[in-house]
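Residue numbering begins at 1 within each chain, and the chains themselves are lettered A, B, C and D in the order written.
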Amino acid sequence: MILTTRGLTKAYAGVKANTDVDFDLPAGQTRAIIGPNGAGKSTFVGMICGRIPATRGTVTFDGQDVTALPAHKRIERGMAYTFQITSVFPGLPVRENVALAARRGLGRNKAAVRAKTDEVLSRLNISDRADQMAGDLSYGHQRILEIGMGLAQEPRLFILDEPTQGLAESEVEEFNTLIKTLDAETTILLIEHNMNVVMEVAEYITVLDQGMVLANGTPQEIRANTAVQEAYLGSGHA
Amino acid sequence: MSDTGKTHGLHFGLIGLLALAYFVLPAYHSGNLASVMVIAIYAMGYNLLFGYTGLLSLGHALFFSAGLYGLGLTMHLADWTPLPAFAAGLIAALVVSAVIGFLILRTTGVAFMIVTLMFAQAGYLTILYFGKYTRGDEGFALQQASRQIAGYDLSDPGVRYFCALVLFSVTLLGLAYMIRAPFGRTLVAIRENEERARMLGYNVTAIKLKAVIVSGVVSGASGATYALLFGYAGATFATVQYSIFPLLWVLVGGAGTTVGPFVGALFMFYLIDYASGKTEAYLLVVGVTLVLVTLFLPHGIVGTIRTRFLRWLP
Amino acid sequence: MLELSHIQSGYGRVQVLFDVSLTAKAGEITCIMGRNGAGKTTTLKAIMGMLPLTAGSVTLDGVTLSDLPPHGVPKSGIAYVPQGRRLFSELTVAQNLEVGLLHTKDKAATREEVLDLFPRLRERLRQQADTLSGGEQQMLAMGRALCLRPKVLLLDEPTEGLQPSMIDLIRDVVLQMKSRNLAVVLVEQRIDAVLNIADQVVFVENGRSLETTDTGALRENPEKLHHYLGV
Amino acid sequence: MEFGPHLLLASLEGATTAAVLALTAMGLSIVFGVMRVVNVAHGEFYMVGAVLAWFIATSVGAHPALGFIAALLIAPLLVGLLAAGVDRLILRHINYDPERTIVATIGTLYILQQTTLMTFGPDARPVEPPFNTRIALPWFEWGENGFEVYFPWGLSTTSYKLFVIAAAVVILITLWLAITRTKAGLVMRATQQDSDMAQAFGIPVKTVYSVVFGLGAGLAAIGAVLVVPIQQAYYLMGHDPLLLSFIVVIIGGLGSLPGTIIAAILIGMADGIISVFFTPTLAKIFATLVVAMVLVFRPKGLLGKSTS
């Protein structure tokens, strides 16, 4: 298991966003977390990567308890996180955005940083925009850049919070392809609303509902699960 | 020419021009220019924090006067020679900025501005409180005899000018290098999107603390240089006004540009100089400029040139 | 009749709406559907004048709303129930309603009418808004909006996070408003709810309105839902 | 004088300070609460109020009471209009961005201060109080003859100082009623809690902002008019009220009106008492550091809601 949580709970002013979530993620898997709006998905991954302090419970990453570590220490150990809302450095060129992500791990080795940056840019087909300001990119390209910043960190656990939100059909296709190629390289934890994407890329799915784990299973099992259908029916996954 | 080449050209060109100016300009103006270079060091130190890291401090007079008194008091009371005293000024600024930085970085936004203002005010009052040693608002002069380095008399206009130029150049080139180095890039990243920088694994608080310290030490260096070259230290330099001035210079010149602080300091120096001739209320010029820049020139002079014409400007 | 014609809008430098058009008729329920981030809420904010239009226009019965200052829009007959209610949380229920009544002529009668729609609010008039339950907060948000006596009612995910009984109540009130000849514009994610009450559905994707569909046709032809929403 | 009477005297001085401070700080607090901006020029509006009070009182020239009443009515109004003008001409155009507002109001501070210097000169200007009877105060002693009441030399206050306290109380109660009981108060509070939604209910938020900014400055000016018969009007007098108002607003919890009042009484009394017993510089250093530390470790203020 690369990631394990036990009893992970978050309460905001007494209201529980997550209650006692036990979660196991084997290394190398591509896992999707789905659930209706307000199911506590973002809070859950927020607690995993350290953006949101847990009220109680533990997070174990790569065999070590990281519950007490601040976000940047967890990232240092090999997590990467992309934001639900596009979050790039708008006033910096695209290349520098990626380089900032690469540099944290590679340090002062300029050649290595440059090579990694170039590799990521060409992998995402945005080399031709390397010198544009990130803030001037279209929404879709900002999302792709955001994923590129995650890639440049060479994470062992790549957490993507609704990466396809607001992408056009064609861009979603490209995203699916990209995730599939990443599959072999790293463990992926994906929060996703778009069921097409989930069914296509996820090997295994965890369903959250009202802050708790409702079901775990392969895409086929989840599709057939009546409890899941009930949770969705009427609470929409549009 | 590459952007790096142009940047070097700009910086060395400016330094060359300033060296030349001493021989071309009348004594009055070269005297002014020496002052401008010293206060531009202060402005550059401020700019590192405000322009590049995005932290708006209203208390930098504290760091400036830490350097000013660090040098001034050791020379005045303990008869230290200029070089060790200068080091004392830098160390004083280092200690003050490390302690204050540790505290102020717990706050953000408006609270950050007010806390920096409060600490600087407490510093000013402390200088007044120890008036026995500091002579308060009246201040004290450093003897011309003590202001000598290796036989050069620092009160001589020529020596003073080139001493200021050397320190100005070192600061300009040093900060310009730092901005282009990974550390500086990280500062800009924090300014642009702090949460993203944190989630790329950067220890944002530690990096910001480094920025406060570098900014504080450079400001302190300016204070120490001022006391050394002009032979005077007084509590006026610790007042709120002297925290506002670097903000003003950087805003006018262009925050987050390498030469903006110098341009802003030069512009405001001559504007105030001109206004002082007309009225006692020369601070009115400061007020009007602050309001006008906020309203109409949010990028400052150099920043506006950069957005409109020369994208490569550092 | 509320008419949006090729509007563009966004937040600062970020453009969100590129081309949205729709027509909401009196006595009908128009639903805006689309994925997260497609521009549904932004459309409502643009109608309210909370975001500036960079192109296009919004008109209500021939009056161009986009020429009015933002506080003029509600006065001309549009009421807005935003996502997450956004009550004046430290004011009491009565005071929240009073804000809704500021520009209404027949204050006392309107207030009674609204309280008759939501009898629960009458019991809680002196209670501070943020001490209400989720369902009561939604009632207050709707009640406050209806205090304006609007011609158009904009609702952004009114049933989000509510229990079924509350959802039924909200739906009843929406249908009553329809019968009182209001034009209702609804942003909603719950497909079943939409299919039951909406008259027409406008699909929005990437800041563009794609197509306006009759709900009846949609019921018979659910592939459309699948196509646009990935259901 | 012995310690007891001395303390009573200090407390009375403190109460007058607290009364004026409560008015001034309330102005800053309302502006911050509703508009979420910090008005660094607040002390200068106070100063302008004081100088205008002197100008109006001397222009009227009749009985001191007449001049004072005229000043009390006109000066805050003029200052309020001036502030509303600053809001319209400057703050509105920078969209109330918190940091740019601070820079712009620093600019405004210098403009107001220096313009006053150029117009009225550098001299301190006195205003004659409308009435100023000395009131001797009694003290008691448990001496050889049992319980004794006597009037120690030097233990006195004036009728005017008591009037200042009473006036401040009346004005603050009126303000409180206006905010909680009137339509204008409702509009203000709705704007404070959610300006977007206030606008969505037809409230002209920008006009509300101008009025609130004017009201805040006007309150400072009322405090200043009340104070000029005790202290003289002077173009640099804005500094201390600004600092003390900051302290009060921060200790009281940013934007909390009851917190502001309690903190004003606390700080005003403390200031009065401390400055009788300690050197003012040390007291100020101490107060400034305390406030900075409160902001660092309890950013919502001592009396505000806890952050965690």
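Worth a mention:
Here is the rule we go by: a contact is a pair of C-beta atoms (placed from the backbone, for glycine too) under 8 Å apart; a residue touches a chain by one contact, two chains touch by 3 or more.
Predicted model, so just to flag it, every value in this text is computed and none were measured.
Among the remaining chains, those touching subunit B and also subunit C are A, D. Distance from the centre of subunit C peaks at B, each centre being the average of the chain's Cα atoms. Ranked by number of C-beta pairs in contact, the top chain pair is B-D. Centroids of subunit A and subunit C (each the mean of its C-alpha atoms) stand 32 Å apart. Averaged Cα coordinates give subunit A a centre that lies 52 Å from the centre of subunit D.
Chain centres here are Cα means. That of subunit B falls 35 Å from that of subunit D. Averaging C-alpha coordinates per chain places the centre of subunit A 43 Å away from that of subunit B.
Chain pairs that touch one another are A-B, A-C, B-D, C-D. Put simply, subunit A touches subunit B in their complex at residues 49, 51, 70-72, 75-76, 81, 83, 87-92, 96, 99-101, 103-105, 107-108, 149, 153.
Considering their complex, residues 48-50, 69-75, 80, 82, 86-91, 95, 98-100, 102-103, 144, 148 of subunit C touch subunit D. By the touch criterion given at the top, residues 56, 58, 103-104, 106-107, 109-111, 113-115, 118-119, 121-122, 125-126, 128-129, 244, 247, 251, 279-284, 286-291, 294-295, 298 of subunit B touch subunit D in their complex. Those residues of subunit D that touch subunit C in the complex are listed here as 183, 186-187, 189-190, 193-194, 196-205.
Residues 182, 185-186, 188-189, 191-193, 195-204 of subunit B are the ones touching subunit A in the complex.
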